[in-house]
């Protein structure tokens, strides 16, 4: 009865503990030269193993890939910093780069360190992330790896039905076209502004020919270009061209035609192809519209080396391997992520795909968001809060913007 | 001690018909149950919808062309077998914690001792702090004990919980003290009383706790993620989280993963709920 | 003598673990709250500086903090009684009969409690979606305009609370069901023979006998709702414009997400104190109660 069951449970528990003791076989022995631990985000660890198999063979280094869920990298990194036990190499999303760099846990990758590794020269990579572009306080602590950008998606069929025969080439055109399309009826829009997207107003500012960081490295929204960007942003709302609810789903919106124009990334293209194959040929991807320029967002991930790594040479060798344009092309084939090496982006196997050709073109004219501490949680959030307050709750524009300027002017990239 | 049975008065037949009230209540409950479970039902159907149907509007409950593609993906891309073993090991280790907590609940319920109220408040206190706050100190402790990257290290922080001790204490407080006294007079030792009397009488709450402990162990995510230095110690929840891409996730895949995680819990619940509501006659000692 | 030390023997193993992994971290948090610890400081303790009560001053000066405090109070006042009363009523109804049908219904009520929060977010996010969601679709079928369930600053609080109430039912229903097993049938029999109606019996006999369970459910539900996090985090990320941000979510976003551990710890200490005080009040109020 109860007693026997209790005894059984205890026995099983003890067995479980014994099993636990055995199963990981004496924990981790610190990376003996000849082994590396790499943190890769999401479910790409198997693909990564595939990519580096030739490296393992030729170098004799045993590489252990550990997959980390995207949403949990903060916890993982924090405990690693706390205990000092980290991997040898880790993937770093660009939005996290500043935070990780500030922790002091990453190895400095100055010119001297990189001298022996030709593939790691900054000239090999697209300008937006090469060398100093991702340096923190003048120090380079990561190497570009994969990239992501934002381009214009349009439902060419819906545009054609409404007398627009090509995706808008300028932002003014986009605004006008969006208004036309919104006129199709109730619940129909022309464009979609994600209320969580702090990059869009920055991209708009860049496209007006402006900057959001001034010469001294401080955030500065007090510029005429930013003002024009705000005009555009709030104008789209004022025209009734964009939905006002925060939970608008862009995939469904695009597929159903409710929002026939969007600025989004390659992930959306994959989603559309997967979920709506019947729309083939009815939508297209093009570079961003321009005003003074059509610079877009550059996102993606870099790779960093753990400061306390016991296998620095091995780590750098591995970095060199994955930065080889040929391998970057392979990685695209295996995992679908865009390269950062210029030669890889120009490779024919990539540009044969019309979508990738557009991404490639846009990537040549893309920039990362300012590397200030916690862009997502502070500066970016303040920017969004201000804009959303103006367009959603009717807050006074000048007052709100002034408050934004005051709140962010002391944030610096240094 | 004899258990008093319900005496049926002679001449009165126990009614076989269910009363109207019961039927009405049953009907209302059924409606409520369906409404409550509806999102879950939606989840299960969504897990077999091809991606095109998951973005369809107007929304439809039933899939037109059901596919098990996403379940297949889970088994193929997840290292399912290994994660399953790890998860089960953690569940089993947690069951040991159950015993410790029952003992503590009993101690707080049925004994008077110095510091009891203060210590019990400490038990409650552990429920009042967000887990992120405990994360770093706990990790450092485990690191110091050289328990990182072990299953024991993963199970240890959540082995006992204030919530469960509190629950045990509440239930055990209702056990008649006279029974315990009687056993003591008969010469039984304290632990013997615990195993022979207290635990059997706590069957309903033990059943509840088994289910709760199973759920917690089965869904364990944070500690396996942090304590494990390599994927070989990941649990099912962590494996599922790996499938979440950075921005665009596949809804059907996530639904499939969630369905997969829920089914075993549901089975455990269905098996153990019998014990939860097993009426036991508390005798006329009361 | 054996009886004297016996209780310590019973509680010791669990208490040691609890203190190590539950109480110690709180003490550490208190210490950290007086520093400016961030990620850099975590890796290198020499980079941590004591800054006294600066974190607390900053906290109390943050409008978003007060907004989240107000939101949390609203959620608690709305959610706690709803959960307790609903679970009690459902448990009483389910206890009506032990037959197969009723037993099967139990599982239905339990299901929300065991569904992963990720799935909950997906399904409910979908149900609530303004353009493409099921609820507004149903409304449109009867000619009603769509409701901005998650976009309106007032409605969003109710929508998010509703999901949490839905999730919180299952566990408490089960606990009440287990508690109802301890109600001796003889009492109910005697009362009904005496002529007491069903509702009277429930109110005057069953519920008082459930006191210990009601007490437990109340305390734990209050604590849970004051730490409200999961639902706003996955459904709205605290939006729109902070309308559904609870304290726990605020701490997560302002503190942990940006690795401002000192600041986050200060906030956690404040939250902890609030919960501790409210719990103490509840404990005191119950002191007068009879011990079994």
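Per-chain numbering from 1; labels A, B and C assigned in written order.
Everything that follows uses one rule, which is that contacts are C-beta pairs under 8 Å (C-beta built on N, C-alpha and C of every residue); 3 or more make two chains touch, one makes a residue touch a chain.
Computed from a predicted model, the values in this text were never measured in an experiment.
*Asks:* Is the chain-to-chain touch network here best called a line, a ring, a star, complete, or other?
*Replies:* Topology of touching chains reads as complete, every chain touching all others.
*Asks:* Which two chains have the greatest number of C-beta pairs in contact?
*Replies:* More C-beta pairs are in contact between B-C than between any other chains.
*Asks:* Which chain's C-alpha centroid is most distant from that of subunit C?
*Replies:* A
*Asks:* Where the centres are mean C-alpha positions, what is the separation of subunit A from subunit C, in Å?
*Replies:* 35
*Asks:* Can you check how far apart subunit B and subunit C are, centre to centre, with Cα atoms defining each centre and the answer in Å?
*Replies:* Here subunit B and subunit C have centroids separated by 16 Å.
*Asks:* Which residue numbers or ranges of subunit B touch two or more of the other chains?
*Replies:* 55, 57, 132, 136, 244
*Asks:* For subunit C, which residues are shared contacts with two or more other chains?
*Replies:* 42, 131-132, 256, in rising order.
*Asks:* Subunit A: which residues touch two or more other chains?
*Replies:* Subunit A, residues with two or more chain partners: 78, 82, 249, 252, 256.
*Asks:* Inside the complex, what are the residues of subunit A that reach subunit B?
*Replies:* Residues in contact with subunit B: 1-3, 6, 9-10, 12-17, 19-21, 23-24, 27-28, 37, 41-43, 45-46, 64-72, 75-76, 78-79, 82-83, 85, 93, 249, 251-252, 255-256, 265, 267-268, 270-271, 274-278.
*Asks:* In the complex, go through subunit C and note every residue touching subunit A.
*Replies:* Subunit C reaches subunit A through residues 38-40, 42-44, 47, 125, 128-132, 148-151, 236-237, 239-241, 253-254, 256-259.
*Asks:* Please name which positions on subunit A make contact with subunit C in the complex.
*Replies:* Subunit A residues touching subunit C: 74, 77-78, 81-82, 84, 99-100, 102-105, 187, 195-196, 243-249, 252-253, 256, 258, 373-374, 376-378, 385, 388-389, 392-393.
*Asks:* Spell out the residues on subunit C that touch subunit B in their complex, using ranges where they run on.
*Replies:* 2-4, 6-11, 13-15, 17-26, 28-29, 42, 90, 93-99, 101-103, 105-112, 114-116, 118-120, 122-124, 126-127, 131-134, 137, 166, 169, 171, 174-175, 177-182, 184-186, 189, 198, 212-213, 215-216, 219-220, 223, 227, 229, 248, 251-252, 255-256, 261, 264-265, 268, 271-272, 275-276, 279-280, 283, 291-292
*Asks:* Where on subunit B does subunit A make contact in their complex?
*Replies:* Touching subunit A: residues 51-52, 54-55, 57, 77, 89, 92-93, 95-96, 99, 132, 135-136, 139-140, 143, 146, 148-152, 155, 195-196, 199-200, 203, 222, 225-226, 229-233, 238, 241-248, 250 of subunit B.
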